[in-house]
């Protein structure tokens, strides 16, 4: 039962991700955020469904399969649960931003420059009189949107390459892994800067370049687990009765690799958000007037003496997002690790 | 082992080929004009044309590529901006980068390996939580922000350290004082992964049967942890450290920019901004080769710490 | 384990304290440390492309005449006196006879001839070549007299000779080492001798004890590139540098208030402007340009962004430079008026020149102030249904885009105090810097006349004509701001004042900067 749920989650995930990938390069914040909204609502629905089921199972104290076990562990892990809740909260805040704050994140007010906390501006205004709270919410939107999309793409490409290499082995494996090794040898940050300088800045390009960053890690993990799974009897049996490769991969191999992918993906979202902030610091990130956390922070740190809010707010937000993704990823990893059963 | 080394080094040939083609492609896609950057805003069209001629920016792409590659190998590839051999330019910047990177790495190792071991031994203790959270903070705060905060604290408020810049060799007092802050900031980002890897591999090992056996035999706990467990945890830690060394040269770009540190990362970024095509080309190639060589050395190091490994 | 941390922390802290208290071994040497926003690209005067190179080279090289100390007329430097023929086509300079290069060669007329010819030589592709375009030939008369023959009268010649890009080089030495090698190890006659250049790190000069004006009071000058302005502020506050330039407005006002440092501000010569294409619709329609002028609250935005380090500008020619037409230009500026903007935009939309939801980019450099004002323009225009976004690019990417007619852009231009420099390159149809592709025969004619006429009054009339037509009638640019120059120095620096071009003059006839 649980396997089916897992598979469904995974395909829903992929479909929404593809939708996002198609829509997001058009650089309209709204499309991205509604994409994430759909995705998140789905995930939350599934999670609550799972928790509901998990409770029911708990009541009868029968544990079927690893899925329930993982859930139980994850639910027990307080930091992981907390970070999950923070992430969900942040996402909803970001998506519902226009309904939460009365201010337009772009609207400048030359009569209210660099103000402190007040009832009209909850977190003050920046050096151009723009509402920091509104900008922060929209910044989270953009950061999460790009982070999630890029990592989903990254995961898909990496997984595909890993699958091909692991399943077919031999020459295919050799070529793919050698190419990835070469790709991995190029200093990524320099490549990103060079590409942004070459093609110009823009959300689509940002996603494109970041989505190619971590291929090696994904491919390696997938390749490893595919190689193990390939040797299992049921896969061999499926092959013998003439089931097509595609089916074997989709039905039997992917479900077995989901867990490590999930861990790696949640860890790389944090990294991605930091990379984008770093590019903003070098002047190559998201272009104004679109608000971005990295841009706000690198602008805000020029005003440390005048208005601490300008740097603290985006700084803490970045910290919160990255930390939550990392803690969540750690939690999932711990939950998956059978050896840590105590 | 020799065979293995040679084979790995042979991989450098396709590597150099692919990377050079790719980076050359990116350079040629870049809409900027090196001649404009070189001569500035007041340049006349005539002057621009002459400069393009001088650096062969007008010939067909494949001619330019072959020329660039050939010059790179004969050591004649000259930076447009520095008018000096690309390899020499990079090597000169290597010293500050190595000083910064290796100091940061030492600092990171010195803090994170003990922290990781203790965390694994006293799992779920306050120390464990504190050190893991601190480690996570290291990879969760943008490095440029930590940098500027430290500058304000130590240079402006306390006035104990210089704000930025390179003070000469790290073996002089001035050099060391300039090194402290950037090295600390950089090491903060490195600590996270090393601590986590140390902790998790130690946790795995501490549950192995042979550890239990050792304890049952009455071996002292310190001995069990350091000799039996830690020695076997060295492998993943070495991989991690090796990866960080390999990434060290280009990965410090942000730290170098904040602290005006004259290192390879900043050199490469400036070269990209200045459209110094030969220098970007050379820089990326050199850094990629370093990455491969360092990784190879790490792999060979495995053989030393774990003689059971055979190189095929 | 905690103990280890405590011990390590203590050790680091103590060692920092000890290190801090060791007195500097070279305390007796007077060292001046200057922070620069960017590293110079070149130090060979013939190759120098911009102000950073000029700022450093101004201390290594001397020019025939000098415009230092904010002079509006040339004053003698290497040339002790000069004559200009009646027809304005022959200039004769008499050189000082007591000047020696840093390598002890004597300065003679052949060095001057060599330098000027090197600038004019196409093979060197000198960025300042065009300023010497009207020079026909140069001849020497003995060791200390040099004559320039011009094709036609050319008023800005003295400015060209007085700018740091015309620093005199030693002919024999340059021929021996070659132009490129000379660039990385320049030799001049100036107050300071080049010592070393460590790229991205520092340029070191030492004093030239035999300098003909006076012996420099400082022993050593160090120029340090510090790319981030907030770090520059931290450096000057912590005493890491003695002179800081290009600081952020908020840092300047704070440092001024705290009073631990000297903050000096003078009117600068660099402007910023919003430019439109003359040829590309809808920018080519004057109503569009006027609508933008009405739509954006420029006065408030400029005040908020430049925060007192810049004056709102109404013309390309700054207040202190002839022809002094600011009052009229000011009267032609358009106020912030949403209704009028709306009216113009609606008119354009009705006529089909402007589509609703028209998407375009405002191109600008990475100068933070310009990016901010571009952001303001883009934000305001969104209210009128125009989707504008800001593209801030590196110069190498930006320049080709601007040259191909970008439509809408924010750029700037800084220069020496002569109206020709501000206008010819920007408004003449044949110029590479005419990013608006502005093309009017009457403007071209006036600009050409402005160059060849000699009397300031007649020249001024031409420039008034150009400004009134281009900015007051066609609104081809919206002038934004003249940035003032602020330099912050330590209290121990004596005798230093900023220059409008962001140069660092340390030793001139009137000053000899020293460190106490």
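The first chain written gets the first letter, and so on, giving A, B and C; residue counts start at 1 in each chain.
We take it that a contact is a pair of C-beta atoms (placed from the backbone, for glycine too) under 8 Å apart; a residue touches a chain by one contact, two chains touch by 3 or more.
These are the chains along with the protein names UniProt gives them: A = Binding-protein-dependent transport systems inner membrane component; B = Dipeptide transporter membrane component of ABC superfamily; C = Extracellular solute-binding protein family 5.
Remember, it's a predicted structure, so these values are computed and weren't measured experimentally.
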| item | value |
| --- | --- |
| Chain with minimal offset from the mean of all protein Cα atoms | B |
| Chain pair, most C-beta pairs within the contact cut-off | B-C |
| Length of the line joining the C-alpha centres of chain A and chain C, rounded to whole Å | 46 |
| Between chain A and chain B, centroid-to-centroid distance (C-alpha), Å | 25 |
| Intercentroid distance (Cα basis), chain C paired with chain B, Å | 37 |
| Residue list for chain A, restricted to those that touch at least two other chains | 197, 200, 301, 304 |
| For chain C, residues contacting two or more additional chains | 230, 394, 397 |
| Numbers and ranges of chain B residues touching at least 2 other chains | 30-32, 148, 152, 257, 273 |
| Partner chain B, residues of chain A touching it in the complex | 178-179, 181-182, 184-191, 193-195, 197-200, 270-271, 274, 277-278, 281-282, 294, 297-298, 301, 304, 311, 315, 318-319, 322-323, 326-327, 330, 339-340 |
| Residues of chain A defined as touching chain C within the complex | 106-108, 110-111, 113, 127-129, 197, 200-201, 283, 287-290, 299, 301-306 |
| Of chain C, residues touching chain B in the complex | 1-2, 4-5, 8, 12, 16-17, 19-20, 22, 41, 49-50, 122-123, 125-130, 180, 183-184, 198-202, 224-228, 230-231, 234-235, 237-240, 394-397, 399-401, 425, 432-433 |
| Complex interface listing, chain C residues touching chain A | 229-230, 248, 250-251, 254, 297, 300-301, 303-305, 366, 368, 371-372, 374-376, 378-379, 382, 389-394, 397 |
| Chain A-facing residues of chain B, complex | 11, 14-15, 18-19, 22-23, 26-27, 29-32, 136-137, 139-145, 148, 152, 196, 203-204, 207, 247, 249-251, 253-254, 257, 265, 268-269, 272-273, 280, 283-284, 287-288, 291-292 |
